[in-house]
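Next come two complexes built around chain A: one with chain B, the other with chain C.
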Partner chain A sequence: MKFGYLLITSNKGEIDYNKLAYALALSIKNTQKQGFDQVCLITDNLDSTKNFKSPWVFDQIIENKEYQGWDARSHMDQLTPFDYTVCLDVDMLFLNDCSHWVEYFIKNNNLFIANNAITYRNEIISEDYYRKTFTANGLPNLYSFYTFFKKESAEVIEFFNLQRSIFSNPIEFSNLFLTNHKPKVLGTDEAFSLASKILGHDNFNLDFPKIVHMKGQVQNWPWPADEWTDHVGFYFNKQGLKIGNFQQRDLVHYVNKNIITDEIISILEETAWKK
Partner chain B sequence: MKTGIVIFAHNSRKVDYSLMSLISGGLAKKHLKISVSLITDQSTVEWINKSQSMQKFNNVFENIILTDRPSAENYRNLNDGELVDNVPFVNGNRSSVWHLTPYDKTLLIDSDYFIFSERLKPYIESDHDIMISSAMNDLGENRAGTLDKYVSDTGPNLYWATNVIFKKNKNSKIFFDLVDFIKDNYYYYAELFRFYPKPYRNDIAFSIAKHILDGFSLDLEGSLPPISTTIDRDILVEVSDKGRLKFLMNQGSDYVAMSIENTDIHVMNKQSIIRHKESLLELI
Partner chain C sequence: MEEVMDFDQWILEHKIEITYWAVYDPETGKVNGIYPNESADEFKYKIKIDSEMGEAIGAGKISLTNCYIDLESDSLEIAEVKSLLKIDDVLHRIPDSCYQNIENPELIIKFNKDCLRFELSDKAKGKKRIHYSGDTIMNFYITEYNDPNQLVEKVTIQIDDLVRDAKIYNLILPAKFSIYTRRIFKNYLLINENN
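This part shows the complex of A and B:
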């Protein structure tokens, strides 16, 4: 059995996604137990990985020129080198050992997509500001930022084939299934949720993983907030991470890509070197 | 292990907290069937004597414990329905309860919190070192705002020190010492947690202490149930001899009738309690 985390980047714009993936990989090495800390990076830009001080945090780096942007993530089942995979968004950080989640999924699931997102104050997010399509069309509230799957299981093949079909034919599927509220862009979350609904998956209702989801409008603040960093601080040091006055645990999806500074990378590297 | 209820009462020129504590203590003793002690100051005791009600106090309270009167620098607006008055809140010594309580396990309640049920009994019998109400349950409609739920817009959960249960031990002492420290450095914590520092609020100091001791995170385990609350713009209009309380609930520019029975309730309109003192005292 080979388990690993899969990080997929596409580096076309101004954001250096490989740098974010590097920070995430460092945090995985720093926090996850042995056997649950393998990381594979799939990237369309190998050059920017050459400047990392500790490229060994990626157990494998695979160049991918075939699939671009979001499209690459819809091929995660074909791109992974692992038997069991958790594919993560790269703008995330592990803060504690969450290997027990993976152990549970390996034992009980062929496919699991996160359905619990919480605020930095540890409250379940029920606000649907970004998810009108989900509410209006009765889609399961899935977050593709944490997707577990067993490679080549029948359930997984069926799911990803349908999901790719949705992704390739967004107008047709929107017209057929998302008539109550059509998304401007049919993204990975919508495609995963619609595929899950069509296939009748009903085994995603677990209390874990709970993942902090730092989108501004869903933090239960009394004002509109495009950038959450305008309102609360991000305090990262060797002891951990606080957002505002709240100690963060487990896994944080920080969303704001500018947060990962060289200083934060240095702290993560130093921890990894001393481990 | 001796278990009892403690109520603080320091009269001001505008509010007779001793009278409210008599009602509150009498109701708590009747429904929870445990002893009650009053923590008060010399001038309030003088008022009780002057009003010739000491006998009633002796009937309700197992102990009347004297302490220094806290400073009355803490002013805030207090409504009586639509009337507003700026009154002193003489309540800054709540954290001293750990030292002053005569009990091994204490239920601390506000003097405007009236117990009409046994709801808190299983909590008193549970084994936690310290428990606080996790929220308030406004009995009006859609009136609670962000600052009724959180210490500040981006800050921690607001716990309600209206009900606190604690065992007198090392862990609870750490908690109350921290509340004291927060009170002494209130402006610093106001900057850190981004709340407005005036007036001093026990609820905020207790909430921050709990947040810090919970590891700067939300931990509702061991919380007491939400406090059913009427706000000071609501008016208590009738108290029946069966213990049914009738209110006019403020809903913006309108008032809506509401009645409640067999439910513990926080009545923030203190003057409307005083107006119904006879019928409330009949219930104890």
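This part shows the complex of A and C:
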């Protein structure tokens, strides 16, 4: 059995997604137990990975020129080198050992997509500001930022084939299945949720993984917030992460890509070197 | 047969570029008005501003009374006095020179052995126009590294005192610490000379 985390980046715009992936890989090495800390980076740009001080945090780096942008993530089942995979968005950080989640999934699931998002104050997110399509069309509230799958299981092959069809034919699927509220862009979350609904997957109702989802409008604040970083601070040091004055313990999806500075990277690197 | 013009295509091809000018008082730097194109020709003291800023001021999104021209900067720019809304304005972490290259900081803090030296840059001292009253109090919160929730020391300084001379404090501080403050100046910098 070979398990690992799969990080997929496409570096076309201004954001250096490989740097975010590097921070995430460092946080995995710093927190996950042996056997559950393998990381593979799939990237369309190998150049920027050569500047990392600790490239060893990536157990494998695979160049992918075939699939670009979000499209690459819809091929995660084909790109992974692992038997069991958790594919993550790269704008995330591990703060504690979550290996027990993976142990559970390996024993019990071929496919699992996260459906528990919480605020930085550990409140369940019920606001659907960014998810009108899900609410209006009765889609399961899935988040592709944490997707577990067993490679080549029949269930997984069927799911990803359908999801790729949805992704390749967004207008047709929107016209058929998302008539109550059509998304402006049919992204990975919508494609995963729609595929899941069509195939009748209903085994995603677990209390974990709990993921802190830092989108501004869903933090249960009584004011509008485009950027959460305008309203609360991100304080990361070797003792952990506080957002505002709340200590974070769960997997954090920080969304705002600018917060991963060279200083944050150096803190993560120092921890990794001393481990 | 007469060809019918596609209006949408025509309007795309005939986009009218507007150049916005900020007309200002050369003594105070205060912006007196925003003028489009040739309407600013009659004014001597003016700078070109980007259309986004011009439209924002025109639409009242940015108050004209908050706009100044920074006469000391090499390139003239609109200096908007913002209300304290963002966390970074209220609790600004003073960046460490190890990690950030801040150009022309107005306030520099140097840390050497156990001494913290606060000084205004020559540029900040030499400003003809200071937007802040001299008795404005600046609080500096010295905290555990990157965690303002854990206060170690607090230093309070009046701007007037800093204009006269640098202020030096002998403090017992942890090996790594951060300094936070309410953002009054645009740029601050912490230089750790022990590194």
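Please note the rule applied: the second predicted complex is superposed on the first by the 275 of 275 C-alpha atoms of A that agree within 3 Å, B and C clash if a C-alpha of one lies under 4 Å from a C-alpha of the other, contacts with A are read in each partner's own complex, and residues count from 1 in each chain.
One rule holds in what follows: a contact is a pair of C-beta atoms (placed from the backbone, for glycine too) under 8 Å apart; a residue touches a chain by one contact, two chains touch by 3 or more.
A quick note: this is a predicted structure, and the numbers were derived from the prediction, not measured.
Visitor: Kindly classify A:E263 by the partners it touches after superposition: chain B alone (first), chain C alone (second), both, or neither?
Guide: A:E263 contacts chain C only, not chain B.
Visitor: A:K242 in the overlay: touching chain B, chain C, both, or neither? Say first, second, both or neither.
Guide: both
Visitor: Should A:R164 be classified as contacting the first partner (chain B), the second (chain C), both, or neither?
Guide: The answer is neither, since A:R164 touches no partner chain.
Visitor: Is A:R121 touching the first partner chain B, the second partner chain C, both, or neither of them?
Guide: Once the two structures are laid over each other on A, A:R121 reaches chain B alone.
Visitor: In the superposed arrangement, does A:P222 touch chain B (first), chain C (second), both or neither?
Guide: The answer is first: A:P222 touches chain B but not chain C.
Visitor: State whether A:H231 touches chain B only (first), chain C only (second), both chains, or neither.
Guide: Both partners.
Visitor: For chain A, which residues lie in the overlap of the chain B contacts and the chain C contacts?
Guide: Residues 231-232, 242, 245, which sit in both footprints.
Visitor: Within their complex, state which residues of chain B touch chain A.
Guide: Interface residues on chain B, with respect to chain A: 145-146, 153-157, 192-193, 211, 215-218.
Visitor: Taking the touch rule as given, give the residues of chain C at its contact with chain A in the complex, in rising order.
Guide: 85-88, 91, 93, 96, 98-100, 144-149
Visitor: Touching residues of chain A toward chain C in the complex: what are they?
Guide: Interface residues on chain A, with respect to chain C: 229-233, 235-237, 239, 242, 245, 261-263, 266-267.
Visitor: Going by the contact rule at the top, pick out the chain A residues touching chain B in the complex.
Guide: 121-123, 219, 221-223, 231-232, 242, 244-247, 249
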